[in-house]
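Once you've had a glance at the structure underneath, I'll fire off some questions.
So that you can tell them apart, the chains are marked A, B, C and D in the order they are listed, and the count of residues begins at 1 in each.
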């Protein structure tokens, strides 16, 4: 019988590969989940590109982003992004940090990302914008110190997605599956908004539409249909993570 | 000997996969056809992503979008789009509802979609524009109520394609094959028009050119050549639907 | 021992597949070559999508675009494009007619296509622009009548490529291989020019640079390197045409 | 036991294929490395498209770009780009010359390429711009004469990347791996900057951020993670170069 932690390792490897296969993550970026049995821990792979991650790559961290079992395996330099958000937001159980080519233009220009179709509404009514330069001045453009992670978590506040100036985005979810769904569909919304800008004035969803469409989209039916779709695409491409024996 | 209904199930699964493979449909959206033997029924898959659909997924609906054989299989939430158009338009035998990345920028900005080359003329001289907000106020940005479907069908009127503000497009055809042809070539026309907008002023086809080119394009030769092309591409990718035994 | 006509059939099927694989041709468009043994004939496939063409699909035409061996196989409706240009231009031995997504924006807006890098110079110093509406008024946006083909050939004049308003491009070559090379590299030049337009003012090659770069690019070394590259890519994708036994 | 020169041949073939697979190189362009045992020599393939190169294609050149072992194998016409830079810059051990579709728009418009995210900082604070026309007037838009290569090397100066007007880019690295990393990530930075231009004003990294992020990105961890990622992608696609026996 599979135990929940093995299942979590597999699910997290799968989530990494899905979000990479759908074009949001590339060689960099990462997805984590809160530990299924201990809310004071989170799971995140060792420093490796998302589309290559296997269940055996998953490490366990405290919310201070310390490895639970010390080892010489290298974690991501930016693991504090995950730890500080899990610490600040008990309702968050999945986080994706990425630098997608659709989201970056908004991070580079400061243009506001807005929901332009039903699925894009999962970004929520407000998407905060964080600029590391304001609090930390010149940095190597990575979030590696606990105080930087905590600053980002404060910027996220009660929302579900935060844009990072000249850097990327961090996307949270009430579940790992929701973080995946939100990462992919806000990426696609950004692509649509970018393409629309070539034509003229964008007409986004109203606040009411955003709230209604977000609630509708995060139900089991659309989330499940998308999960089957992404998993089958990965399977057809021969990219499912290996099962550990 | 294959019976017509089995053939229809296969053709509809094939149509879903073609339109997905050619980049118009993604994880969401759907194609239906009128029942080949009973004009008061239509066929549409259970709630599943188009590129995964198999003949065994196809369900039968009344024009009021009720399942003919009650079951606990989940239909698409938006099946009323299909039912209400089949009800209003006896000449329509295939319908595709989609959210393509080429069409959406027109739905998001309100810019007019126009035929810019011969094949694009299959959109017709007029492409109406429907905004759910006008009649229904804030909604979850899906068409799930019969009155919403009926409103969309009225907007479509005698035309063959309707744009849906901040949502997508619904494309009809005199046959399933024509709905597929129109979905793909209007998607490509939209992409061309979008790319042209980066260069300067678009010079669309005249009304006369549109009518002549539309009639020319919907003949058996170009439609058949395209069908062979799309089916062969799908076959080479190993993506033809399975034959039910 | 292979005879020259068999070799020509194979080369023409290969050329069709190369230009399709490299993204210039899609379900429509076609490539022809002058008959290797009889300058008053040309070879062109039956009406079929370019990426599917096999040596056995190749038909032989007079310069008046009549089938040499009458049959009930369907030729392309636009074969007169080829016949009329071969008639007017004895130095042309290969022709490609296409509707590429990079070239079309220039045909739709009337913006001038210009050489923006070394390989793009193979378009030549002048790329004429033909609008069927000027001489023929409203048409179905296809060139199916001998007088339409002759008008297009006059517009081409002594040049190597002609843009067709709201339609596509016709590209000629001193050899079949040159027509392929010119089709692909002018398509890529168009894509570069289109992408550059998003940034600012395009600075094209001077007339002198264009002439020098064109002569340099059409030598055996670059043409041969490209041919090996395209053929190998096709082979790796399993898309080489079958050899007839 | 593998000898260092065999390893260098393999590494250079691999580097060519990686940079091609990641979309920076196409049928043209080339990568070289300084000879691992003799700083007065460099290694570069015979005239062949990058994605096809095998270890057996690698040739050895003096810094005057003469073949060390005369043969009738054809070298690239532009090998002087490599020789002249290795001559002028003892700290350079890898060079890539390319014409990527993301970089070219900057070469065509003269718009300044700027670091817009952390990884893009590897272009350095200054990216010089070279226009062959200024010193040499009309040319075939290739760098084939030693004095042209030397002029380009002077333009590069102490920097790591130079844009070439209406031509492409030449990218150097302290190692072959660094040249690959810089070629791919500056290409992606260019794509992001181009896409951002459609939205509004680009806000690049500050000089301090660029310096810090560049130093951070060129460490072993990110370079190694990227190398594993690119090599695995190539392996999955069946595109690793053959090992010579």
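The rule is short, and it goes like this: contacts are C-beta pairs under 8 Å (C-beta built on N, C-alpha and C of every residue); 3 or more make two chains touch, one makes a residue touch a chain.
Given the structure is predicted, the values throughout are model-derived calculations rather than measurements.
**Student:** For the copies chain A and chain B, give the interface type as same if over half of its residue numbers appear on both sides, and as different if under half do.
**Tutor:** Different, since most residue numbers here occur in only one copy.
**Student:** For the two copies chain A and chain D, what is the rotation angle that overlays their Cα atoms, in steps of 5 degrees?
**Tutor:** Answer in degrees: 90, to the nearest 5.
**Student:** Measuring centre to centre with CA averages, how many angstrom lie between chain C and chain D?
**Tutor:** Spacing between the chain centres: roughly 33 Å.
**Student:** Taking each chain's centre as the mean of its CA atoms, how far is chain A from chain C in angstrom?
**Tutor:** That pair's centroid distance is 46 Å.
**Student:** Could you pull out the residues of chain C that touch at least 2 other chains?
**Tutor:** In chain C, the residues touching two or more other chains are 198.
**Student:** Once you draw an edge for every pair of touching chains, what topology comes out, line, ring, star, complete or other?
**Tutor:** Drawn as a graph, the chains make one closed cycle, so a ring.
**Student:** Determine which chains touch and list them pairwise.
**Tutor:** Between chains, contact exists in these pairs: A-B, A-D, B-C, C-D.
**Student:** For chain C, which residues are in contact with chain D within the complex?
**Tutor:** It comes out as residues 116-119, 121, 188, 191-193, 195-196, 198-206, 208-209, 212-213, 215-217, 221-222, 225-226, 228-230, 232-233, 236.
**Student:** Can you list the chain A residues touching chain D in their complex?
**Tutor:** For this pair, the touching residues of chain A are 27-28, 47-49, 51-52, 74, 77, 99, 101, 104-111, 133, 137-142, 165-168, 194, 197-198, 238.
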